[in-house]
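Below is a structure I'd like to ask you about.
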């Protein structure tokens, strides 16, 4: 540990980005409960500082060499099991890392003057900062054990966020979310250890990528199965998704936003960062099945949406559908597909995050999320209504907005998946997935119509509905701008991810060329 | 200007942002920005046209593009492709848009979302222009979807009534269903063309056999699915009539002149694919022509039984679009595009006319109009012009283009020539009916109609003029250089010439005109019979004969009614309408409802019971196990002791004797 | 003398002890049964000691005896304690805590 | 040898009989006496095996101390001196089953293991040898055992003391 | 004690030569014994109202005992000090565990101090017995022959029997004591029988000799059966100590009835004592017969984890719940034993895993019990329901309890995670199909366990305060100290597991 300090001081940026929030949280714990303004200010300060680090990273990152790990720190941590404190980011982790930083800031801002019941901002903010450490760490970790720790670190805060500040059915939802994810990670850690022993006694991801190919095929397939459980539950993929609607529905607004914007990405990120590059051979075997589950998820999620009566739950199910596209992209094992997946993750983070923000604001104003009771939002709070409309179109994948670049390239990629994968299988997936886009339009517009169009139901006719608040403006503008910017200039993201993705798929391509 | 054609879509785009930003605070609530911007774009487009025409032949299409995004070594560009077709479209779109916006200042006056309306129009125009200048299918698709969204926004402009928003959703979903095809088609052709979206390249490859016929057929068919959605081709046409829920100017701009022809434009643009894919060159029957043909007849028949004037026009639009698609299907590329050109004028005219009527009588129903001839003269005359143009009466615009289509079909596609003629006949007939119901007879409404304000009248007149003269561009009168077929042509450098020009064919022309006149005659006779001048019987035998004929009007009536009109109006048309409302429309709505139903089932049964149940079930069994196991903890120490010894002995035996 | 004759005797005593421990409900009797088992063990130890010709067996036995004494003392103390609190030494009535 | 075998036979018979009565008798005091018999028998067995020191310790500690202790226990818990109703609990049969099972298992294994091996008799073990081993190899446990006895004493007093 | 030995030597025949004793190596035991005697003295002289002095004597004695342990650890070389013919060995293994026992004893003393005082139980005797038991454990850590192990076992158990009944007037406490005592004695009887068989087969009580004799290609068949049965009976004796299913039944009742600090002591210290004995027996004595104990431990582990977790699901009393949880935890500790036999390397990582788990387990369990004591001071109840809304009026305690609970559940980044990860590692290191299956069972179990651990957290955070009594909980200083020690270990090890991992790796058994 002590030996680590010099190294940490050489290249402290990432470590700061990861641990600043938790330090902030500790300080926060010291601030007396009564001083709410101080608490908020400090939390905001910390998250902003972290985001500033993120900005620095964006500036200092060498885009020309995005495939290489940068800002690397690699030092002893647990020599006994040869696990190291190895952090670094490449073109794939950078956007997600920044995303999680930004989202945290926005969440702090958003919850500025409306903390959910039971109030207690202190605990709430502490949890939020803990979450951020977990998320940032996961995106920065380059060692399986380190990854595992951060990957799990997000569980507790989210558990309490849902369970304490959540809706009426919160306890059930919280424990369900917790158990599901933990079940996955229990098998995941087994696979990690298996990798350790089969992959040359190391947990170091780059090393494993270098050696992973040497593992026998059947072993690979088994290990991949464990990883799959861990990640697929987090994504979540059909049929492991049932925790998601409950968690989302019950979670407080900010919780849902973080959940949707970042936590769901951890799973997919795991596939891209760990499962596929380390076990390309198994990936080839599993890809069709992942693809299958993905497209089922797309259609299934859409159907689920059409069946909802609760606005937030509908958005939650739409996540299942959208992550289906992400997973489809990953399943193709092509640069196109995986780039699409990363883009899809970021886009989904921005868009669905926004949708949950709006759902939260709607509930706050109408004290209900039942579609049957809502209506005429455009009349009572026009701005809110238009923002909703905008996000709906972004979410249904309208070209020129971010959502499109997550879906289209994924579908495109499944026309021609990696060599060695069955063409007709993936082309079928392509067809089904593209039908999914129509469904998406269906349920989203239907929701828009129920919520925004028409006139207010009698119960709310008289009630004065406040249009967007200042905190909401502050929290939302960056997201909305991001949606447009990425939609118009997809290369903003693609040129960051592309090289890194090529590295990820290299294993697969080698296999293909070997065939 | 050709090289900077990208400015033309950009300007309205900017104006969209500006209107949103400052619109409300401006004196004219943002209308001036919109009109100004589109005005500039229009002028620029005209410049472009002139420059293009002025170019030395053979004219080289202007290609410019910059890298949009890169993936895995594939460089996707965004850019412009400017040729005759482009500049023609630019001019039409900007022009109609300009007029419609001017018109809207009057029509939409005092509307709650006046500013927003203009913003939407600007955005629409921008998207449409972007679609037009696109040099690759992907970019084209982007524009395509954007115009779809704008149409959604504008159809649902008055979303307070659920009917309107539902219509908007229906329109969007129906077109998007087609767009699935479009997307898959684009993807297929992207890979077929070696990971490249560029259109010119695609056409070249298609025509030079660079792509296998199978791929072309698949890709073409998929693309055509999109076309059927956007251009309201049978059976995906059902959304267009509902789309009339939007404000009339919108119908004029989006659902008559511009957006709906995007499909036609797409076919014309990537014609190489369709030509090779459906081997149009070989004549006979092909999907495109067939769909087009069917649409012509079906829609026209439906137009007879509408009371809502906008629906009449809507169906007529559908049927005219059918003409264009059919034209492209029979290889009459120029004709199809030319019809697109002329149709834009007179159909916009008709819609704006109907708008002015509706504005006056506060109703869409012809049953509440009548006798408008005197009350609204401008509207009347312009409307008449438009109708005649649509009916294809020379020398109005409609005549030339429609005649070209029929003429084109006559070369190897006789069946479709017949269809064309039949369509012409019906068109003439139902337009006459509409005109009669609206302008003749007595006023049946309750409002106090009066001529519309200048802002609305002027556009009508302008369009009227163009509806008269617009067609002449297609004739020699325009001069060889300016002749439509000369500067709007489909030629891909390095690919064989596929579009053949057919000389003006007098018999065909006469035939089509005759058909049109007969149509008008029969309809007019049926509706306007009491307008025949009296006392002319003595003048000549010819008239006497005619008089005789007219005296026995019941006989004639019966003849018309039983023989012609009813046979069209009632059995066929009603049947068609019934089919339309119940089968197709029902199907579309049914799909929606069905989806919701299945969704409910899937959600309730599969998700909540099976999958979730499995999880909770696992938990439950665990709890049960706990309960059972607790029984072993009896609390009596000697029971525990029994476990101790018993277990030891048992395990001992197990280990000793069974291992 | 056979080794086994001692071992068998011990086994029988041990089994009797087991029975007593399980079947008797008077606490004192249970203690006695336990002593039975411990003595069985002692016989084993001493017999094996003689068999292997080492004193370790006897030593072991001595330790067992000493500690058995201690155990009995503690056991009686506990039983007395219980008797004082519930005026009974029937250990099968003592099942306040279960599940 | 013969004498020893006869002695063993008698002792064994007595012990088994006494042991059986011990776990079956309806009288607690009698049980104590039967226990005394068994313990005495054990002492005899020890002498047979030439472990005289252990035999004497057995007599002193067990019969002299423990049995008396148990008798005190019997008195203090006011168990009736005479016959008593039922000293067994309701799982008698289970107990018997388990006991027999244990016996069977042990007997089978032992018989299988040492069949008919003889104990080669090397005469009486010198007590000195025993003490040497105690104070040699086993000195640490010996000392610890002293602490243990102390602890047991203090603890027993603390528990049993009336306060 | 050496004096006695010397005296004995003097009286004996010249033939006898006193054993060589390494007093540095014995220093911890000597210091501890001295403390025991001091406590006894102090208890005699100190008046009733000054009994806290006794407590302090005991605590300082324990701290003092750490000194020689440290010096031993620092005295260079591979610190293996073998005495009296290798029956008593002081090596890193012994030192690590002695250290653990002493620290645990100290924490328990802290937890007990106010408890015993306020409950007006015999205070002096309490600490005296506590120290005696700890002495037994310390000796156990060094014992390498059957007799020492037996004596050490009884020394650590008998005070336990007595302490369990320390709340003399409480029937439950009596019951706890009786059950613990009876079953304990019976278990020792079984164990002794097993030892006699092993002794009979090998003719020695020394584990190294036993190991040699067992590994030797001796007479096959019957004798192997005897060895099997002997090993089994001995293991049963300790399986009882570590409350492995099906020999666990005493644990819940005893834990519930005994005074809470004693429960903490039993569930941590004496359980660890049992494991220490198992380490010595299995890794030194019986290693050659993994065919016997491998499957045996496999069965025990699976049963222990599963049964413990499943029954824990149904508990409403926190102490009882913790009792079953500690049973389940013992199951995880047993898992590595099951795979230790596959290869020397596997054996090493198995031993490391078990020891790391013991170290971590001690910290988190003691912490949990400290919280139970603290909360009971206010609520006077052991029901989980009484923890409702704890977060509102005692956030500190709630957060700490949450940390301990989720550490027990093995949620990162808390110490418990690493304990489990090391177990999984050992399992996969063995790599056999059965091993992996065992690992999966353990994994699934750790998820089941989350149900009840998180239910406590749920009570504290998400449910309202029962009858709305928000009076804050007064936590005495010693308890705070105990909590401080435990939580800092749990968190520190969570962040930097290397510390314990290293200890676990050092503690090799030769």
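Letters A, B, C, D and E mark the chains in the order given here, with residues in each chain numbered from 1 onward.
Here is the rule we use: contacts are C-beta pairs under 8 Å (C-beta built on N, C-alpha and C of every residue); 3 or more make two chains touch, one makes a residue touch a chain.
It should be emphasised that the depicted structure is a prediction, and the values quoted were computed from it without experimental measurement.
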Any chain that touches subunit E and subunit B: A, C, D
Chain hops separating subunit D from subunit B, counting only touching neighbours: 1
Label of the chain whose CA centroid is most distant from the centroid of subunit B: D
Remotest chain, subunit A as reference, centres from CA atoms: D
Chain ID, smallest distance between chain and overall C-alpha centroids: A
Distance between chain centroids, defined by C-alpha means - subunit B, subunit C (Å): 99
Approximate Å spacing (C-alpha centroids) for the pair subunit C, subunit D: 7
Subunit C and subunit E: spacing of chain centres that average the CA atoms, whole Å: 25
Cα-centroid distance, subunit A relative to subunit E, in whole angstrom: 43
Multi-partner residues of subunit C (at least 2 other chains): 14, 17-18, 21-23, 25, 27, 47, 51, 56-57, 59, 63, 67, 70-71, 74, 77-79, 81, 91-92, 94-99
In subunit D, residues with contacts to at least two other chains: 89, 91, 94-95, 98-99, 102, 105-106, 109-110, 114-115, 132, 137-138, 141, 145, 148, 152, 155-156, 159
Touching two or more other chains - residue numbers and ranges from subunit B: 619, 630, 633, 635, 637-639, 641-642, 645, 648, 652, 656
All chain pairs that touch each other: A-B, A-E, B-C, B-D, B-E, C-D, C-E, D-E
Interfacial residue positions of subunit D with respect to subunit C in the complex: 1, 4-5, 8, 12, 15-16, 19-20, 22-23, 28, 31-32, 35, 38-39, 42, 45-46, 48-51, 53-54, 57-58, 61-62, 65-66, 69-70, 72-74, 76-77, 79, 86-92, 94-96, 98-100, 102-103, 106-107, 110-111, 114-122, 125, 129-130, 132-134, 137-138, 141-142, 145, 148-149, 152-153, 155-157, 159-160, 162
Residues of subunit C touching subunit D in the complex: 1-9, 11-29, 31-33, 35-36, 39, 42-43, 46-47, 49-51, 53, 55-59, 61-63, 65-74, 76-81, 83-84, 89-90, 92
Parts of subunit B lying in touch with subunit E, wherever the complex brings them together: 619, 622-623, 625-627, 629-630, 632-633, 635, 637, 639-641, 643-645, 647-648, 651-652, 655-656, 659
Touching residues (chain side subunit D, partner subunit B) in the complex: 89, 91, 94-95, 98-99, 101-102, 105, 109
Footprint of subunit C on subunit E - complex, ascending: 146-147, 150-151, 154, 158, 161-162, 165, 168-169, 171-172, 174-179, 181-182, 185-186, 188-189, 192-193, 195-197, 199-200, 203-205, 252-253, 256-257, 314
